[in-house]
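The structures come next, written out as structure tokens.
What follows is a pair of complexes built around chain A, which joins chain B in one and chain C in the other.
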Partner chain A sequence: MQLTDSPKLFTTMWAIGTILFILVAGYILASVAKFVIRQQGGSRTLQEKTFLGYFFASPWILGFFIFVLGPSLMSLYWSFTNYRISEPIVWVGLKNYSDLMQDNRFITSMFNSLYMTVIGVPLQLAAGLGMAMLLNQKIRGQTAFRAIFYMPVLLASSTAVLFTWRLMLNPNNGVINTIFRWFNETPLYYLNASFIFLTELTSALLVALQIRNFTIVERILSNGFPGPERVPLWLGSEGLAFLWNKPSVVVIMMWSAGAMMIIYLAALSGVPQSLYEAAEVDGAGPWKRFRHITLPMIAPATFYNLIIGMIATLQIFEPAVTLVRDGGQNQSLYFAAYYLWRATFRFNQIGYGAAMSWVLLIIVLMMTFVQFKLSNRWVYYESE
Partner chain B sequence: MSKKLYFLMITLLVALLAACNTPAEQPAPAAPTETETQTETQPEAEAPASSAEQVNLRVMLVDYIPDVTDVWLEQEVVPAFQEEYPNVNVEFVYVNWGTLDETIQGYFAAGNGADIINLGSEYVAEYGDRLAPLNAQMAEWGELDQFVPATLDTVTWDGEVRGLPWLTAPRAVMCRTDTLTELGFDGAPTTFDEMIAVAEAGTIIENNALVRQGFMADGLLNNWQEYLNIMNSLGAPLYKEDGRPNFDSPEAKAALEFMNARRAAIMPSDTIAGLPEASGSRLATGEVVCRWGNLWGAPATDDPLWENISLSAGFTDGTGEATVQVFNDWLAIPAYSQNQAEAVAFLQFLGSAENMNAYNEQFGSFPPRTDAWFGYVDNPIMQEMGRLMNEQGVGFADVRETAQLRDILVAEIDAYFSGLQDVDTALENINSQYEAVLRDAGRID
Partner chain C sequence: MTAVNNEQIIPVTTRSVRRRALNRTGRQRVIHTVSYLLAIGLSAVLVFPLFWMVSTSFKTMSEANAPKPVWIPAAPQLDAYAQIWANPDWLLYISNTVFVTIVAVGGTLISVTAVAYAFGRLQWPGRNFIFYLMLGTLMLPVQTTLVPQYVLFNWMGWIDTFNPITIPGFFAGGAAMIFLLRQFLMSIPRELDEAALIDGANQWQIFWYIILPLMKPAMVTVGLFILVGTWNSLQFPLIYLQSKGLHTLPIAILNLINPQATTQPWPLIMATSLIAVLPLIVIFMFAQRYFTESIVLTGSKG
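Moving on, here comes the complex of A and B:
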């Protein structure tokens, strides 16, 4: 009987083998560390401590080399090949990278991420800050309110919640459009209409820039200012309804801004009360106090939230598979992470997917670098 | 150092003792049976392992109905199979469509994995030669002629059968005849012009929202599949003789223009809200007049409502014969499998008329073999669907680089339907992008 004929025995032997490997590799690693210390003239106690320290840290160190560094280096290598599973790997140089620059789907995913960065992240920041300001008030049940407002962060990406959003956002009979229709019967309808017009125009402009054809903007303009019968076509799949797919995700992002809220709450609690009291004595109103004290004092939190938020827009995945099908009509929810997954696991193009992941890494690093450079102008650190 | 060695020894001892706590459970060697004695006389390379050799057969299946079909397989099918092959232990690996591709790719990358894998209709072009050729084994079995021809198309590559169809979901047109009569139509539409007329007349818009749609093709996913079906109905193959795509043909253009005209008929303005989220079959609720799809989107086949629902193949421009697109899941044996003979035996056991009928009844799909059309299939609707599938069925097969073609078609058809580009640009883009994909994959020069 072969070992592979018995899954349990096979698994057990693998488990034992893994433990032995970790022990032996850890012992070697720790011995090398100890040897280095000895060469540097370290005391016997320091050598022993170094040995034990590296030995106990070795499972993580080995895990890092095997599961993080190794695959990263392999993906870098594959990005220069045409690797497709079970076919010979052929070196293609920079072809994958140059193909990416001409790949409409990749360009679309970049434009979609750009929309979320320019429109979605600021709105999410505003929602997070707004909630934090509210929850920073000393009211009864403050802790419970904070927990409740944070809960969407835990739920936002779950399939069940996204399906609930799909129902709520149904343009025909969803609860959100029911509210819109109710407002449409009041003089406030102009607010609705302005929102619809601006949202469609903004989305259309981005699409026009992407396809370098402004017919779609002309169509929005020729449709005119929306009448009282119009409602947002959230997550629609016909005609120009695709212009509402990204705004729908923005709404969900705002609802789940609890993580940003927590960061803001921590920052708000660090703003010295004496500053507000002094400003109040000088006659500053609530807006001036917010504008000239709160905002500058919480700038590091805003900076952090901005960086994390921007990176997160490149990683939007669940809405592209749950809210719509196949990334949505006109690939309106085709985000970078989603396309990376499709290229790798649906198109079977491991090399191409690897190249995409390295390009994304470079984009994230560049965005972070630019933000750090710009932060000198608007982020104030108390320690400076 | 002695302390460290002592520590290492203790750790190793604990690890070994922990491992000893879960001894591998091996089925006791079974006594040879009459069947085994017979199989031992078969050629050595093709015969399942003898009783002395315990074989572990891994079967990867999409688990559509957890706790139903899997229970049936494990508690009824496997014990029955083991009566004949007591030396074969069958282990199931259940996946879903979300993880299917990754799982299969992992198997092929490692050259080691399940001995039988569940594939979808369009996969034969993707995995082709990596699946074991089974013509000889199936000829010996002698039951392949019971299968609907279109279902065999989806499992055939390079002239070799690569697996066995497992479940079938044919797609046809279903129309509410009572509504058609109300609207003044004599019967279900069969031509492009008739369909567009029904789509226009059958659509109702109230308060800037759709109340009833003259036609529904179940959204984005079906657009591209129906498009290929209509091209097929017009007699246009997907590829030219040299292997290049055929989307620059007049038929490809006629099919796309028809679909756009039909879409415009049910959605005359950009600003209309679509139908509400479906709550059951839209044919049953009267929200659509006609739809193209499989029976899952229709009322149950024993629903009296079927007296007012027609079933037909599809649409043509009035010249060719409409085709029914036949989708089926199938089971294949990867070429890497070390247990080919046992896998073939299990595949043929699973593929019996009784097993196919039982599985498809639980799942609500169609058995791919005609002699399995008894019991729940003895129903006028199922019989009619079966007839259409048998006579006008075309397998959704030999679609090369399917995943990429799907993305290209969805994007370009959408852009055309949304008015972002004209039909010629759409077709030009489809043809050129798909040609590049085929070239990159080494399928054309």
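Moving on, here comes the complex of A and C:
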């Protein structure tokens, strides 16, 4: 029974201690800042303002040194060593980095993120925009609908809800494939079959690109158009299921597109109604109005959603643990966050994990930089 | 911006304008109805996983693993819930999760609010530099500091305690939360502070009596985000909470799956899942009216 009470007491004591530490350290930090300003001959009001500002901001400043800057510098050092906690540290130079470039699992996780960026994020954007446009019609009960559309965002990372998806996306007896089988008996079968064909082809193309071997694409093409007995393989673990694991995650991403919807709703409400009226008088149809007014006017929101969505694809973790067994068939759900966790904490390779986190950081910075460069071409800001 | 050309508006006669306006109201009513129906249909699709969770939790094992899915159990079973009730471990998991969430939300919310106040309301030398530094950390994936933080916590003897999951939040964890609160603070008119200053209030009183009460909607929103993040958190607990007595609900549910078996105890898994998800939904229903407004603000001014 002692385990039930003492850990909570332990953490409560630490919490109180931490608050006291922040107050004291913040007071010292703010006093030092005030002292510096006084030495520079700042006025009494300026000294007072400096003290207040640094005191209020001190939790973040202290946290930045303790939990971000310090650890980052340490990890930079460890990334050049073979640190494994229990053993002495040995300097290995760039070995971790060169190993990483040849590590098939790491490369797979990068390609998986690429798939999510190219296929998943745009589909999620489209879902978010669709929901936002629907709610922008000022329909009755808008607030209730907005809450319902947003709710999946809160649930999408929950183990509980991901298990529900695992149950529903079971290729054999899952409820979603049951619905697919209903439609397979109607003329809508062609829709199903095209969806299956397209999904397998795009997934296979990416796998082929990664292993530089196109037999899998040829196999899908030679199989031809799927017959009425075929259903999506979603979270299966046999046959071609590895082509379906990522599309399953995309489905869950689209289900939880509510966060993007909120951003789009704000952007849509900022588009002046007069633009639409003028265009309508000019005889522009709904598609033209969408294409030439709505899309350009909400481009900043799209840009914001895109950056956030892309960075999020590197951090997909829960699905790899909950939806499939050990990252899925052929590492189909290995993402950077999952592989990093696996290498570092299940196999204790601290040095290797540190190198991976630095490569990750560089990739995120590069992605963001490229996006900012590209955005000049298509993002329109009102203030410009 | 190519589609707009105002010159063509002029020759339209008043009569055709009126007819067009009439057509528009008729057409708009159709669009309105169709949108309404679409919204209802979409809501049903989005809520479906929750329905499936509830339905499965009342099934028998054979119904839950049947080759053809059973939509609604023939005779609702309470076995799964009885099993949870009979096992005191679940009470411990729930209390662990609640404890971790309360500590993390409390500490993070207080510190984040203070820091946002410094960035959004106070003038001090170095403010902009530190603010942009903070925005820069938004780009930093959590994973980059995961490894060195583990070593730090290991050195401090924090492994297998709740500390790594709760204490870092006290240092204003979450740059995005600070940013959201700061955006909200910027929208509160500055005249309020000035009027209070003239009336003889000091900065502490302004913060406590004027700004803090006005920040309620944004604080509810940020509190909800932190709450959901901590409640659902799986990666950190998997790393730091090793003994069973410390497990939170997400780990406990994860452990119900037996990777070797072909059939899983789905009714039990779904019943525990419902217990894990229900508090989030209830809290969201209370918080949602504050919530969308404050996010919209961040989006439009971000």
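The rule we apply is simple: the second predicted complex is superposed on the first by the 343 of 384 C-alpha atoms of A that agree within 3 Å, B and C clash if a C-alpha of one lies under 4 Å from a C-alpha of the other, contacts with A are read in each partner's own complex, and residues count from 1 in each chain.
As a convention for this text, a contact is a pair of C-beta atoms (placed from the backbone, for glycine too) under 8 Å apart; a residue touches a chain by one contact, two chains touch by 3 or more.
These figures come from a predicted structure and were not determined experimentally.
Enquirer: Who touches more of chain A, chain B or chain C?
Expert: C
Enquirer: Of the two partner chains, chain B (first) and chain C (second), which one does A:215 touch, if any: first, second, both, or neither?
Expert: first
Enquirer: Considering only touches as defined above, state whether A:7 meets chain B (first), chain C (second), both or neither.
Expert: It touches chain B and chain C both.
Enquirer: Counting only touches as set out at the top, which of chain B and chain C does A:233 meet: first, second, both, neither?
Expert: The answer is first: A:233 touches chain B but not chain C.
Enquirer: Touch test for A:374: chain B only (first), chain C only (second), both, or neither?
Expert: neither
Enquirer: Applying the document's definition of touch, where does A:15 land relative to chain B and chain C: first, second, both, or neither?
Expert: both
Enquirer: Check whether A:168 is in contact with chain B, with chain C, with both or with neither, and answer first, second, both or neither.
Expert: The answer is second: A:168 touches chain C but not chain B.
Enquirer: Return first, second, both or neither, reflecting whether A:207 touches chain B, chain C, both chains, or no partner chain.
Expert: After superposition on chain A, A:207 lies in contact with chain B alone.
Enquirer: Chain A residues touched by both chain B and chain C?
Expert: Common to the two interfaces on chain A: residues 4, 7-8, 12, 15, 19, 85, 167, 172-173, 325-326, 345.
Enquirer: Which residues of chain A touch chain C in the complex?
Expert: Residues 3-4, 7-8, 10-12, 14-15, 18-19, 22, 33, 37, 42, 46, 49-50, 52-57, 59-64, 66-68, 70-72, 74-75, 78, 85, 131, 134-135, 137, 139-141, 143, 145-152, 154-155, 157-161, 163-165, 167-168, 172-175, 178, 255, 262-263, 265-267, 269-270, 275, 278-279, 281-282, 284, 288-289, 292-293, 296, 301, 304, 311, 314-315, 317-318, 321-322, 325-326, 336-337, 340-341, 344-345, 350, 353-354, 357-358, 360-361, 364-365, 368, 380 of chain A touch chain C in their complex.
Enquirer: Once bound in the complex, which stretches of chain B touch chain A?
Expert: The touching residues are 4, 8, 11-12, 15-16, 19, 22-26, 53-56, 91, 101-102, 105, 108-109, 111, 126, 130, 207-210, 219-221, 263, 267, 269-277, 401, 403-404, 406-407, 410-411, 414-415, 417-421, 433, 440-441.
Enquirer: List the residues on chain A that touch chain B in their complex, please.
Expert: 1, 4-9, 12-13, 15-16, 19-20, 23, 27, 51, 82, 84-86, 104-105, 166-167, 170-173, 177, 181, 207, 211, 213, 215-216, 219, 223, 226, 229-231, 233, 236-242, 324-326, 328-331, 342, 345-348
Enquirer: Quick one: in the complex, what on chain C touches chain A?
Expert: By the definition above, chain C touches chain A via 1-6, 8-9, 12, 31-32, 35-36, 38-39, 42-43, 46-47, 49-50, 52-53, 56, 64-69, 71, 92, 95-96, 99, 103, 107, 111, 114-115, 117-119, 122-127, 130, 133-134, 137, 139-152, 154, 161-163, 166-168, 170-173, 178, 203, 224, 228, 231-232, 234-235, 238-239, 243, 245-246, 249-251, 253-254, 257, 259, 266, 269-270, 272-274, 276-277, 280-281, 284-285, 288-289, 292, 295-297, 299-300, 302.
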